[in-house]
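One chain, subunit A, appears in both complexes that follow, with subunit B as partner in the first and subunit C in the second.
And now, the complex of A and B:
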């Protein structure tokens, strides 16, 4: 009951704090428009003609990742600069519950950017948004949201430990879009990067979404992707738990909760 | 009974300088201090900037790990048994940080009330009481980014009292407060002492220490120079020749100013009477 109250109140504070920032409003409202136009122009003369799969979904995921990733990262740093990171860290509530609430808050807000992408795509390009297997698409979308959240929590813990949050975020922002196949299938990448791709839960969940958009039936490949997606989500959740145990001690030894 | 025990405490900070071949630099913030704080006592840590006061407080509130030595609060080790301590203590840091600036004072307090697991039924009543105590009731629903430094400090004070802590740690709590607000805080500290709370505070303000503290430890370069009651410390130093000379000069000056009130007293009277006038006019 009390954990739920901590998660909900952290979620509410996160949404209130985040939405009050003009830069976030830009990420939420303008960035999806830019991603949609950019991807539509990129794919205009390509052989791939699945509008929903590569333009709507690609732009939506780019915006979702941008909002979740930069908001989670930026927030840790903002909390550090305003000295509230140390306050929440040493409160009697579990820091894991607090961070979970914050990530859910970010995700709820960021989902709006996915919806906007679909609206922008339809209004600008007048192309129908076709989803061949709606029930499986919804399941895949849920798995994708969970994979983003689990990965965000994992990254956020690293950011609590390090003061160099902006560098880290800029290093992973675009590479992750490319490596996880947000805007094109990972099969077009060299083999060695495909191995890296497969280590991220988003790669598998995005593959699932694409399969459900393009194919009305569910085959064995779909369930293999789903197994990998759920498996990597569990691995990241366990890694995050281990990482938390490590950082709970390290941040107090290295005094990284506050700015030096 | 000792409620805070610090034994042979050391804390170093390790920093790295340089990019290609970074060099480690070790700063000894606290170098082997030992002291106890009794239940219901107001204990002061005095010292210059960088003396190790804030580091000591941060270790006691479980924010930092000691490099060596041991700190026990309410009988529990601050590094390893922090979960048994955190809900029973709280802290107030000076300065204008430590609040969510895009939230109102009320929302800030509501959030920390949840983090400190206050029962829902008591939460809003407690927040109203604290806002009243620090004098922010009428501005409680404005975003704190519109607040002055002193008002933010008041939010910090209210946040520090949200869980009705058994021990309150205060790190230069009057920094940024105007004399009137500083006096209000001193009154709050006295009130807390009457309620049997234990308070450990650091300050540069000698008047504050003299007025409030039961005992004081003076820290210099991470080591305790002396630990006693303010009166005993003063008595120890009265025989010092240099201090005697200085005292004579001070006494001469004081004799000149004997009939005058201090600027602080004048300021407080003026502000109070203007507030009273406004209140009368409004009624």
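And now, the complex of A and C:
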């Protein structure tokens, strides 16, 4: 079976299965509303009054990450509970292609939460959504989506190794929002934390998005951030590939996917 | 005496059921690390939005909100777990008082929540430089106890609701998010529309957060007592609603000879 067909089939099945889950419906439909209200009220009377940059983008990214985190990462757990993890792992179709299809499916569906955040923001707060540099915003949005996908594949591989997936995926939700600067710039954090932040591709891509929303012009700093974003994406993609090879080898030697 | 012993042993068992999913590392990551990071997240956000270095109000408010983890998420699924592990039929069929069953499950959750809230408050306070001199710790502790009591009541009520639906996680997440918004921990709820302000009165933590904020000055005895009594009364209502719901379900279950009600 061609890799493309595997990816597409996995993607279609994933979208159907994911949307059928009520918890996902919360992440997709309700969570954007809650995040929007919380951020809009916290930012009310603040000197940082760029509504699009801090409320729409912040709440949108929080919801998007929630959807991706609890679906892509949680899928491993669901496959394990359904006793299908070992089957998809040893099937002639590549496990990497199946997982990639799942992540793309989740991401496509989860993008709806970003759109919904913009709608909620406009309906509830009547604030216009202003993007100063639309072409660069679209480029940085694309980079952000890719960075989320690459990172969630990396996390999904790590979670293959653990039976405590539910706890682990809960443990990465808020910390990533905090460290990657989803709702405030990472410069607010202590210096040592900023070094950790810079290791994640999302930190750079979100910085790009915020810059393109707030500034009509593109400076050297923008391209430096873009280089770091692409660089970290490549590093995570390579790490994921390496991790898969190590896991596949270990699974075949120990004949078990229950490694924790 | 036997009744007390049984109550304690059943409470410990309920506590083990909640904590059983964790080993030490996971407990530290989830119950300690994650709760602290959640508190830190909201305090840093408050720092960025207000520009104020005095984050006492947010440390106090968000440390109380930490009890949502144990009270809503953990307690909210206890009866579902009982059904899952085949224990619910014994609870329904046994002659034991249902209210005692509910309270047994609440005790450990309240103690755990109280520990989380107090620990979160102290560590959060140290991280964000809260000035503890002149603070009335008793005022805070009583407010925290009232908060955990009412939040645990709501958790148990949700747990009873959970038996009627297959969307328990959806409901628990919505409730937890509403509590976070309406608690007043992160922004004054007077900013919200009147409907939301009235809604806040029937959700836990709103009064407790206001009471706990009095531990750092502006202490008004009458207002404080009213807030604490209000929070505890709300908690009692939740326990009673949970009791009534389970009683109805018990009757329906016996009549239909089934516990699968959704």
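FYI, the second predicted complex is superposed on the first by the 250 of 260 C-alpha atoms of A that agree within 3 Å, B and C clash if a C-alpha of one lies under 4 Å from a C-alpha of the other, contacts with A are read in each partner's own complex, and residues count from 1 in each chain.
Keep in mind that, in the parts below, a residue touches a chain if its C-beta (ideal position, glycine included) is under 8 Å from a C-beta of that chain, and two chains touch if they have at least 3 such contacts.
Note that the structure is predicted; figures quoted are calculated from it, not measured.
Engineer: Quick one: subunit B and subunit C on subunit A, clash or fit?
Structural biologist: fit
Engineer: Tell me the angle subtended at the Cα centre of subunit A by the Cα centres of subunit B and subunit C, rounded to the nearest 10 °.
Structural biologist: Superposed on A, the angle at subunit A reads 90 degrees.
Engineer: Thinking of the overlay built on chain A, is A:249 touched by subunit B (first), by subunit C (second), by both, or by neither?
Structural biologist: A:249: touches subunit B, not subunit C.
Engineer: So, does A:215 touch the first partner subunit B, the second partner subunit C, both, or neither?
Structural biologist: neither
Engineer: Does the superposition put A:175 against subunit B (first), subunit C (second), both, or neither?
Structural biologist: In the superposition, A:175 touches subunit C alone.
Engineer: Once the structures are superposed on A, label A:50 by its partner contacts, choosing first (subunit B), second (subunit C), both or neither.
Structural biologist: neither
Engineer: May I ask you to decide whether A:88 touches subunit B, subunit C, both, or neither, giving the answer as first, second, both or neither?
Structural biologist: After superposing on A, A:88 lies in contact with subunit B but is clear of subunit C.
Engineer: Quick one: is A:194 in contact with subunit B, with subunit C, with both, or with neither? Answer first, second, both or neither.
Structural biologist: neither
Engineer: A:2 contacts which: subunit B (first), subunit C (second), both, neither?
Structural biologist: The first partner, subunit B, only.
Engineer: Quick check on the superposed model: minimum Cα to Cα separation from subunit B to subunit C, whole Å please.
Structural biologist: Taking the overlay as described at the top, subunit B lies 5 Å from subunit C at its nearest C-alpha.
Engineer: Tell me, which parts of subunit A touch subunit B in their complex?
Structural biologist: Residues 2, 5-6, 9-10, 13, 16-17, 20-21, 82-84, 86-93, 98, 249, 252-255, 257, 260.
Engineer: In the complex, go through subunit A and note every residue touching subunit C.
Structural biologist: Interface residues on the subunit A side: 22-23, 25-26, 30-31, 34, 37-38, 41-44, 46-48, 164, 167-168, 170-171, 174-175, 177-178, 183-185, 188-189.
Engineer: In the complex formed with subunit A, which residues of subunit C make contact?
Structural biologist: For subunit C paired with subunit A, touching residues are 21-22, 26, 29-30, 33-34, 37-38, 40-41, 44-51, 166-167, 169-170, 173-174, 177-178, 180-181, 186-187, 191-192.
Engineer: Under the touch definition given earlier, write down the residues of subunit B that touch subunit A in their complex.
Structural biologist: Its residues touching subunit A are 13-15, 58, 61-65, 79, 82-83, 86-87, 93, 95, 97-103, 107, 110-112, 114-117, 120, 143, 159, 163.
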